[in-house]
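Got a structure for you, written out below as structure tokens; questions coming shortly.
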């Protein structure tokens, strides 16, 4: 026994106290966290939110992201029937043509929704919908009398929503809406329709092999043209938008790095002994950084108007603040020995910086710049949504109008890919430039 | 009580332990010697189930240790304490907490995360530290201790497990001779006083000779010697180490006495050797 | 003096790309008429276009009445109205429509007491300015949160208001419609009609709770600093657009219209006064 | 010193080799410089061309907008305190969004990072899976998630919180796993040898080693998230960003409010920035800074 | 040629160098000894004008070095090369680039910014490296070299300056004995073959004795000894180092020979000391 029993007892009491304190600590932190989250739970009204949660919307969103619908519409005033993908003008079938599940007759139009569901547009605005295991629903909308629906006997099922002037029938096969002015049928399909070619293109609906064969047969540029200018998916504009986004990030980040580097010397203790200059520079950095790129965008919009340049300048200003701070910290950490070594040879101050300082800080600076390049690609998406440029604007607008969720999905996938590619690219550059540089000129 | 049968571990084409057979009938202090790469660590790690055997079997008191999984495996680990060359303590935590880690397997996981150790355990931890002569460091962070003290904390953690077997993987290799001695003494004492089985990898012959009841020699994964220290002649040692006649035990010695060698003082010579 | 470029600003309300597509024909025609490169810009909100006009980076836009008022109040010398859209019925006005969900049981502004009310964009005439003046006349109270309505919020735009009401985020909201046609179709044109056409809402599930007095259609404006011949050429182009290319006019004027007719600053004095009223 | 007396046999060869290397190097440097300059110049020209207003024509108007805002703010400086008070609740909401999402995101990121660090992972085979998950979480801009959630569950702070937390989890997961890689595995093995479960090994063996670094990163992230939550307010997720957008877009007549909001936001960011650098300094005694650089290098 | 008169440097109340007077008539190899803090480094740094003297004067070949400013001062620095204990190279740059830094003062600033050195300079740099026996490392990064090699690169940089004086501040303090010898040999050879003046701070007496023509001893900022190595008796050394009679030169020696001391072998003792 190295120490007396007394001392051991003392140690035990001490340890007990120590552990009591530790218990308090290890309890205190989680308790604080839980308390805060509880506060948030109530402050943010999560319960109320759960009630308001629109499962329908979520379902619509998910369904729409991988499917599309084709509208068959009859104008009840003129009697004209049109078929359009997503109900858009640019997806409309040329007059007199239709997909094979729609049979255009002289008076009757028969729409086969599959699984035995058949909708028929008859004469005088008459509509009938044969729902298997339920019966036939008919209606004859007119300006004077409203929709005039006739349903099979029994209680009206909840998938039918009818009032005097409007009726909507929603089934698994599709949806029928009748108002006094219009009768409209939706049929849903899986996939992103018209992704490659729109209906007006001769290549629409051709099998891949056939298109390939034609491409080899000298039609490649026409095929590319039809795909590239696809009105529905606008691949050309999307490509430009992605490019603009990356351009904003690139110009902003690199520009900021170039502006920040000389300024950082002014903010570094070991290079600028003057406290006033240092403090002023630092406060400027704080200001540039503290005002978010978003606000800079608004400020700059007056001078430069909407567009990618404004976004790039906003990123440039914010990042000058961030880089300025980080660069000056890196500069404060430089090894004085190397500088002194260069200085002792009688080098001029600028040479001292060039050989004593720059080689030391390049790896740090470079990796920070490249890291920001990637993260700014994401910021540029958001800034674009506000200044009017890039993929961000396309995305937010598609979301706000809340219809083309397949386009939203398309943009989201592209954005994620873009950011991941930039992440990979900046990582690759970092490895190439920093570790691969053997002589380090 | 411990039966190792044809225990084999292969890393790819490389066989680290090759059909090892060891039988231990009653608690003993066993030293395993052999040169670097002989498979000593691998053998101990399989015993503690830190790594899985490729084939073969370990049986302890009748039960098949190699087959244990999940909770049962962790149960076994708690009965078979391990001491590492690098101590493997949590450096930022205090000594008592490190020792209390020995009880983790017995205690409720959630409780241990909140440092809810029973007071009795805390007191026992201090008693064990006291037994090993480092009670006064109880409240310090493990990283603040010297190597020898850290290794004793590791032993304390092992004792805290109240294990049937203590495995020690080169427990003194990172220590200076003075500390090495203290640590080996502690292990011996634990064996003698508590009657626990101790299996220690050692890389010096003299340590094995002095502290162990039985010495096992390994070479290239195979057990090439198993006997009493007395049977471990220099010739046998050369076989184990694959050394030639120039082999001298002193090269591997960690005895304190051998360090206090008299030094002849020689004034700086004026002649300078040719450069290049 | 000469211009090297002509820049058209497009107000929100549709998919940015749809807006660009709809106005592409106008861009091409303008380029032809003016002989300088012409570009389209579609910022995210009303303010984006207004800032462009104020800063001189956008030369022409079709503003809402309130948007014009804002531009005028910020800088009277920035822009001048040239033309206004004339509806099929010959008038040039539309309405701010208050609406709610049918299943909420709300049918009038009285029922909205203590409930959440949604405006659109702060710079919208029908989505904010007019209702913010006319609704208090009905309720006899201010539009401040807690005064009459439980909470008053800006949704950000007409589309967001409609979706917000439909989702229950707002108990009621205001948006624009031409007031012609049937409720169940979402009227002949306007934000409701677009939402119906897109399959976003079912008018059966909504009810009208309020309608404003007619609101003057917003002006098509040109930057005042533009050279006189540019103004003349462009005005002529716009004025003749419905007759020379009805399809193009349909896209540019967001739907059926009888045509456009000249309009001056005076027509918006009322709106400007209204807007002054709302500024503190 | 035989080789000091004259030129050794192979010095000529070394000379030639080195000169060749210098030439190669100069050429590479030249090419990189030219590529970079070209990218910058043409990039600028393209952006300038696609912008409504040009850079050079707009430059003299740079201060028009700030002048307008500040002019009005000064005019009505008396109302400023009232405005500040009025917008304080929105600011608190914004800070709460940032704090809650940082907290949740950090905790999630912690688990993800432990699951995707070699030597610590509970299911080593799933490491690539967890890494990809983190990549995707990181790549997803907050605004995208927020807008989708606003559609599904309506406006308010929760979509913003979830969106930011999601992104934060991905970003922190990556940073944390870099920290984890520098942590020693010895204590983990030590704990494994006593029969500790995975959770115990992580909590007692890893967390104490990495906690200061985690904490420092989390504080840094908190700052970033305050800005992010202000931005999301701009697109309809509540908080101070919402107020700012309304005041800003109304324009003349409410610029004094915009100025007040701006002051609040800026002050918050500066305060948090200063506080967090203070705490981080204390916490790591400058250790993390260096680690950070190493990690990013 | 070199005249140091009453050179003084004070850091606040602390006088690092106190009225030093040194006169050197012809190029010599001079060693400065003294214990840590005696002011050796400060003296050399003032000579190179890395720091300014508080008072006193340095004259070289008639011109007043202490009064130089701007370009003239840098000109002087280029004529008076400095070698540091920690080499002070730019580790990320290759060896030749580091050596070329010796020409910075002579070359156009703009050209050097872009690494545009004349080919002749590059060739000379490689020749110098060859002379110092490290030409084969020319293309490597400085950080990839061993300490002794790095110090030779630093010497090469100094030689590249084609200086009249080489100042070396404890050039071998960071080196192992083998490398220390190579570096000191190089300096001596440069002195002898090129006739350059070398002033080296040294912290071991035997090095100073072996390599220098003249030894200066400093204590607490003052010069307390100035003479030939032969005059540097143990008694004088004790004075310089302020040591008592137990002072033994061996303690500071870096001689290779003194390391190979014979070792007595003593077998392991069986007795084990009591635990605790």
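Per-chain residue numbering starts at 1, and chain names A, B, C, D and E are given in the order in which the chains are listed.
The criterion applied here is as follows: contacts are C-beta pairs under 8 Å (C-beta built on N, C-alpha and C of every residue); 3 or more make two chains touch, one makes a residue touch a chain.
Since the model is a prediction, treat every value here as computed from it, not as a measurement.
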item	value
Minimal step count in the chain contact network, chain C to chain E	2
By mean Cα position, the chain sitting nearest the middle	D
Chain pair with more C-beta contacts, D-E versus C-D	C-D
Farthest chain relative to chain A (centres taken as mean CA coordinates)	E
Distance from the mean Cα position of chain D to that of chain B, given in whole angstrom	46
Rounded Å distance between chain A and chain B, as computed from the means of their C-alpha atoms	57
Distance from chain D to chain A - Cα centre to Cα centre, in angstrom	18
Distance from the mean Cα position of chain C to that of chain A, given in whole angstrom	27
Junction residues of chain B - those touching two or more other chains	97, 113, 133, 275-276
Where chain A touches two or more other chains at once, by residue number	1-2, 52, 54, 57, 298, 301-307, 363, 385-386, 396, 400, 402, 439, 441
Residue list for chain D, restricted to those that touch at least two other chains	1, 3, 21, 25, 29, 51-53, 58, 61, 64-65, 151, 154, 156, 235, 248
In the complex, chain D residues that touch chain E	1, 3-4, 7-8, 10-11, 14-15, 17-19, 21-22, 25-26, 29
Chain B to chain A touching residues, read off their complex	94, 96-97, 113-117, 119, 122-123, 125-127, 130-131, 133-136, 138-139
Chain B partner contacts - residues on chain D that touch it in the complex	1-3, 184, 186-187, 189-197, 199-200, 203-205, 208-209
Parts of chain A lying in touch with chain D, wherever the complex brings them together	33, 36-37, 40, 43-46, 49, 52-54, 57-58, 61, 244, 247-248, 250-251, 254-255, 286-287, 289-292, 294-295, 298-310, 312-313, 329-330, 333, 363-364, 367-368, 371, 378, 381-382, 385-386, 389, 392, 395-396, 399-400, 402, 408, 412, 415-416, 419-420, 423, 430, 434, 439, 441
Parts of chain B lying in touch with chain D, wherever the complex brings them together	48, 50, 73-78, 81-82, 84, 86-93, 97, 101-102, 104-105, 109, 112-113, 154, 157, 161, 274-276
